[in-house]
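Labels run A, B, C and D following the written order; every chain starts at residue 1.
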Amino acid sequence: MNTKPSLELASLIEGYRRFRANGWNPRRERWAALREGQEPRVMVIACSDSRVDPAQIFDVDPGQIFVVRNVAAMVPPFETSPGHHGVSAALEFAVQVLRVREIVVMGHGMCGGCKAALTQELAGTEPGKGGFIADWIELLDGAREEVVHKHGTQGREAEKAMELAGVKVSLANLRTFPCVSELESRGKLTLRGAFFAISDGLLHVLDEESGEFSPVE
Amino acid sequence: MNTKPSLELASLIEGYRRFRANGWNPRRERWAALREGQEPRVMVIACSDSRVDPAQIFDVDPGQIFVVRNVAAMVPPFETSPGHHGVSAALEFAVQVLRVREIVVMGHGMCGGCKAALTQELAGTEPGKGGFIADWIELLDGAREEVVHKHGTQGREAEKAMELAGVKVSLANLRTFPCVSELESRGKLTLRGAFFAISDGLLHVLDEESGEFSPVE
Amino acid sequence: MNTKPSLELASLIEGYRRFRANGWNPRRERWAALREGQEPRVMVIACSDSRVDPAQIFDVDPGQIFVVRNVAAMVPPFETSPGHHGVSAALEFAVQVLRVREIVVMGHGMCGGCKAALTQELAGTEPGKGGFIADWIELLDGAREEVVHKHGTQGREAEKAMELAGVKVSLANLRTFPCVSELESRGKLTLRGAFFAISDGLLHVLDEESGEFSPVE
Amino acid sequence: MNTKPSLELASLIEGYRRFRANGWNPRRERWAALREGQEPRVMVIACSDSRVDPAQIFDVDPGQIFVVRNVAAMVPPFETSPGHHGVSAALEFAVQVLRVREIVVMGHGMCGGCKAALTQELAGTEPGKGGFIADWIELLDGAREEVVHKHGTQGREAEKAMELAGVKVSLANLRTFPCVSELESRGKLTLRGAFFAISDGLLHVLDEESGEFSPVE
């Protein structure tokens, strides 16, 4: 190792050595199979937040979930404007190439992105100083109105309403992709909304008919 | 649970119950602290591929790394064109709000995104049918030329060269963000390139001076 | 391991390692005894269906049950025509060599074999394309008539009636074996009919006098 | 319960109650998904012997393996003679209906069926008194010759050679089914030979190229 040392890197390398001992060596056969290719059956779209790692919360095996993580677990709607559409590319890869059977959008409590969407505290800031976040969470603007109307812009109740609404926005936007809605209607693809409450560690699953999130027992 | 049952969901919920038993309950104090907020010191930008989960490879604790995952671990360059810039928003959040000290870009072997960049097999396809992936991995077009010149467009050698070059592209693009380059020059932020070789499970770290990736012992 | 890797094999091997850790090593004495020979007191005839494993449903110890599994838990009648009679051989082994005291025929809900017997959807297909299944479940033809007369050929009610009737067919066929009927009449062998309802996970036991299956409390 | 009581039944029911507590109730979601149908990716063909339960040795989840069990884990060759071909029907169901990806034939040590094939101690007995077993294990006659030539008909060495040869016979017979050999040649189906040594609890996997069985580490 001839790179600049740091406590951060040291910590990652120590973790990597544990992974070699516990996650790689005893699972040689799985890794040998994964060398040939991946066949995940689930795509998870989650927040970049350091407290809500899907691989940890769902205790998955390597190869089990294809994961997108960004601020607030957002999915922009299908749009063919020029530009680099990262979530759309990942979605296309998961659905068309890997043919996953299920897509889970997982929101979470204490989400900084959703809070900023609610308070609009970053509105008008420059790119690089908050402007990119502001532009990104504009995706929640439509849902925000109803939340603010019911709960105002402050307080945990309003924030949680915004977080739950965000999951529904991403689900709705997923369905604007023709390949998603077609596969869903043919029963080949299932969409799920989920919510991980950091305060008590409970996972909730959305019942889309009632619109309610209920804790998994 | 009144949502449509599936083996995929069942598997995630069973994993979640293991997490409750092993990852939440015995670590109540850590989660109580995380309830108040996150303070990750590292941002990791990794691929969505199901085989390269950073939380598993670095065996991190909850709260330790802020994670972006997309196809091929790409970072688009700083640009202020209209649109939803997901990676830029996450980067801004990590650097400006969370003040991480280190950003790790981790590429990996057998990367489907890098391979498609190399072969250009998806060029010209429609959005939703490969076009989103094609647009996204255009980010690698500059680096591709040199790879193709040296190794052609086929074979594991060419693919690996593309994968390693992709890490360098993302590092270079990170430095087009003024906030990143300024903090790096002041020694407040360290950028790292890393590569996880799926075939033998070895993590490599980039020495930017020599341009070489070397395995961590 | 120099065989072709696959996730299927990896999963089996990982399960085998759990078995070594939890099912073999802590039970060395039992396995040492089993090395000398088996003395199961029960034979179970069950369906090949992946959801109705008798060792799991009865949570048995190694060495406890001698198990035949085939499509629909069928027992052909005693017949001395030339050919390889697999169930007859196993029955002979259990009754004459191992001297089991009890034979349990366990049917189950959502049985694909019974459903095909009911609908006769595979009748006339070629061997290898459905014809083997069609020939096998001809064993249910006699019982089918009454079921169809009462319930028709479609719907869960008809299917369940076929599944329950199938258990009775296998019990009746067991009694065509002279060794079985003789031992039963001498009180040395007990036959049981059982039914595992996949929909609610309830085990039912047949009262042969009334002909009714009742759930075990 | 109004059926004749017995210690055997009592033991099964106690086990079933443990299954309800540990294998059903905490896994409600999995069972709800399995209610909709089974999707096993593996078929296992194993011996009826009470000591070699595949679900225990591979510690599988409900729904994971489709299982045939008969004396000595035999597969008769493809033949279209009249009669009830149980293994052929199960194979057809697994391959054509369920589309499993892998078939594992698992032999085992101390196999009574293989021993009888070797010694031919049951040759000439009447059906019901050993004759069914004798007819069934005639399937091993071809392989027996070579074993006897090398090792004689007595002793653990000869028995083990017969047991290992039996696995290869079943694999060869599997390949006489056109649907199996065609799918295997197209890379859609993998066949495996395995052997569970009761004496030391070690699972061996066959390398078909070398013809050797090696223990899984």
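Criterion: contacts are C-beta pairs under 8 Å (C-beta built on N, C-alpha and C of every residue); 3 or more make two chains touch, one makes a residue touch a chain.
Being a predicted model, the structure only gives us computed values, none of them experimental.
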| query | Any idea if chain C and chain D meet via the same residues, over half in common, or different ones? | reply | same
| field | Distance-maximising chain from chain B - centres being C-alpha averages | value | C
| request: Just give me the whole-number Å value for how far the CA centre of chain A lies from that of chain D. | output: 44
| Between chain B and chain A, distance of the C-alpha-averaged centres to the nearest whole Å | 14
| task | At least two other chains touched by the same residue of chain D: list those residues. | result | 34-35, 63
| request: Would you pull the chain D residues touching chain B in the complex into a rising list? | output: 26-30, 32-36, 39, 63
| note | So, in the complex, the side of chain D touching chain C is made of residues 1-4, 6-9, 11-13, 15-16, 18-20, 22-24, 31, 34-35, 37-38, 40-42, 48-51, 53, 55-60, 62-71, 74, 76, 78, 80-94, 96-97, 101-102, 104, 110, 112-113, 127-133, 135-139, 177-179, 190, 192, 198-199, 201, 203, 205-210, 214, 216-217
| query | Where on chain B is chain D touching in the complex? | reply | 1, 5-7, 9-11, 13-14, 17
